[in-house]
Amino acid sequence: MIEHITKVRVRYAETDKMGFVYYGNYPTYYEIGRTELLRSLGSTYRKLEEEGVLMPVINLQIQYKKPAQYDDFITIKTVVKDFTPARITFTYTLFNEMDELLNTGETTLIFMNPSTMKPIRAPQWFLKLLKEKN
Amino acid sequence: MIEHITKVRVRYAETDKMGFVYYGNYPTYYEIGRTELLRSLGSTYRKLEEEGVLMPVINLQIQYKKPAQYDDFITIKTVVKDFTPARITFTYTLFNEMDELLNTGETTLIFMNPSTMKPIRAPQWFLKLLKEKN
Amino acid sequence: MIEHITKVRVRYAETDKMGFVYYGNYPTYYEIGRTELLRSLGSTYRKLEEEGVLMPVINLQIQYKKPAQYDDFITIKTVVKDFTPARITFTYTLFNEMDELLNTGETTLIFMNPSTMKPIRAPQWFLKLLKEKN
Amino acid sequence: MIEHITKVRVRYAETDKMGFVYYGNYPTYYEIGRTELLRSLGSTYRKLEEEGVLMPVINLQIQYKKPAQYDDFITIKTVVKDFTPARITFTYTLFNEMDELLNTGETTLIFMNPSTMKPIRAPQWFLKLLKEKN
């Protein structure tokens, strides 16, 4: 199972008047989670884009348990749930410094050609990388 | 069925380098959808907060079909899917100017006391309002 | 003098835990101001980009007087302060519904070729448009 | 002179369709700069708020030289330019990994009582901290 842990400090900009992180900012934390997971595998999402592969999200789910607060140092645990040449699904689990579960989420991404904006298969080297580490 | 239509113009700030609206910005559009639905019922979320009722989101789901583009004038259709004294679920359907489906989503919100941060029942007047219009 | 008035409703997403609009969100309101000013002249920033002209901001200044609050219906007054074939400067004045001054700001933008990322002169038709309305 | 260096990785969410960081996202990077500077002094902005001191920004200036790109690992150099019991001014200088200057900026913040929303003097311990390190 491919799994990665990264950390993010909650910014003032990310809070809302309820005093917590705005519910729409967690997708950005999830982006950080999968970006750093890919980097830990030895590649980057940036490289994928430079090779002509976009990865748009086609599905997002979040279950909010407890809100993150300003200046919290959040732990993001990202897992590759499954992948095919057509799509990849990540799950995310966020904890605060007291190890309290903040939320769990899931995103599915496809591979897309930026010129045609049509779905494509993942590059062979990318699938190989995922298989090796799985 | 309580349903409301509102419009939003895509801002440059909301796009990302893929050239479309960032996937994490749609929750903000959904917020606009439910805010304007409540306003159309004769109340506002602002009033609820002033009366000591917060409404945090506990669940979010989005199915992305087609990306919104910069300067698109998006139609947000918001529906109250169901509600109890403990929670309310909204669904959202977004279209662009060519009437193409952009995405569908759903959020469930609970009612919370800002002092205790504990779940509470929705105010009677609020439930009455929803029942009348349903 | 080219001047345009537009309105924007403050979103929950734009507030921070201080209870007001986060100071970094006003540049987005300014973007709305100049976008709608251009639209009112009969063109759009979208069209400029489609013709191969980017307009990056090279200077931003904001004097904050009073914070905007959630759900406020803000008035954005945008003025073309001056323009040359190389750059254009807009000023912004924001008011709330009680006509209280929220902040004043200024941005200078240049014209840029997206392929070379070098500064270019504004298109003739664009300068003509500005001169006619001035 | 009080000075602090911190780093931030550019998120996809922070880019816009021009392919670079949106001009309105740098104020958030500046927030990170001054937050980490305060933490390096042995205090935090969070503690200030817990003691009943808000620090709203009253002035912002940015000179944009070169845009930051997705996944860039940005260096934020923050300096306390000057401070009085009534206000504090920070300057910011951002560089990318090739040590290219991205932008320079300045913010002035005042101290405010969250109950009265009136300006107040900075807490003695906070001024002492700044003086010691200056």
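Order of writing sets the labels: A, B, C and D. Residues in every chain begin at 1.
As a convention for this text, a residue touches a chain if its C-beta (ideal position, glycine included) is under 8 Å from a C-beta of that chain, and two chains touch if they have at least 3 such contacts.
These numbers come from a predicted model, not from an experiment.
J.: Which chains are in contact with both subunit A and subunit D?
T.: Chains touching both subunit A and subunit D: B, C.
J.: Going by the average position of its CA atoms, which chain sits the greatest distance from subunit C?
T.: A
J.: Please decide if copies subunit A and subunit C contact each other with the same set of residue positions, more than half shared, or with different positions, and reply same or different.
T.: Counting which numbers both chains contribute, over half are shared, so the two copies meet through the same residues.
J.: When the C-alpha atoms of subunit A and subunit B are each averaged to a single point, how far apart are the two points in Å?
T.: Averaging C-alpha atoms per chain gives centres 24 Å apart.
J.: Using Cα averages as centroids, what's the distance between subunit B and subunit D in whole Å?
T.: Once rounded, the distance between the two centres reads 33 Å.
J.: At what distance in angstrom does the C-alpha mean of subunit C lie from that of subunit B?
T.: 27
J.: Touching at least two other chains at once: which residues of subunit D meet that condition?
T.: Residues 12-13, 17-18, 20, 24, 27-28, 31, 49, 70.
J.: By the document's touch definition, which label belongs to this structure's chain graph: line, ring, star, complete, or other?
T.: Topology of the interface graph: complete, with all chain pairs in contact.
J.: Note which residues of subunit C are touching subunit B in the complex, please.
T.: 9, 11-13, 27-28, 31-32, 35, 44-46, 49, 70-71
J.: Any idea which subunit D residues touch subunit C in the complex?
T.: These residues of subunit D touch subunit C: 17-18, 20, 23-28, 31, 49, 54, 56-64, 67, 114.
J.: In the complex, go through subunit B and note every residue touching subunit D.
T.: 12-13, 15-20, 22, 24, 70
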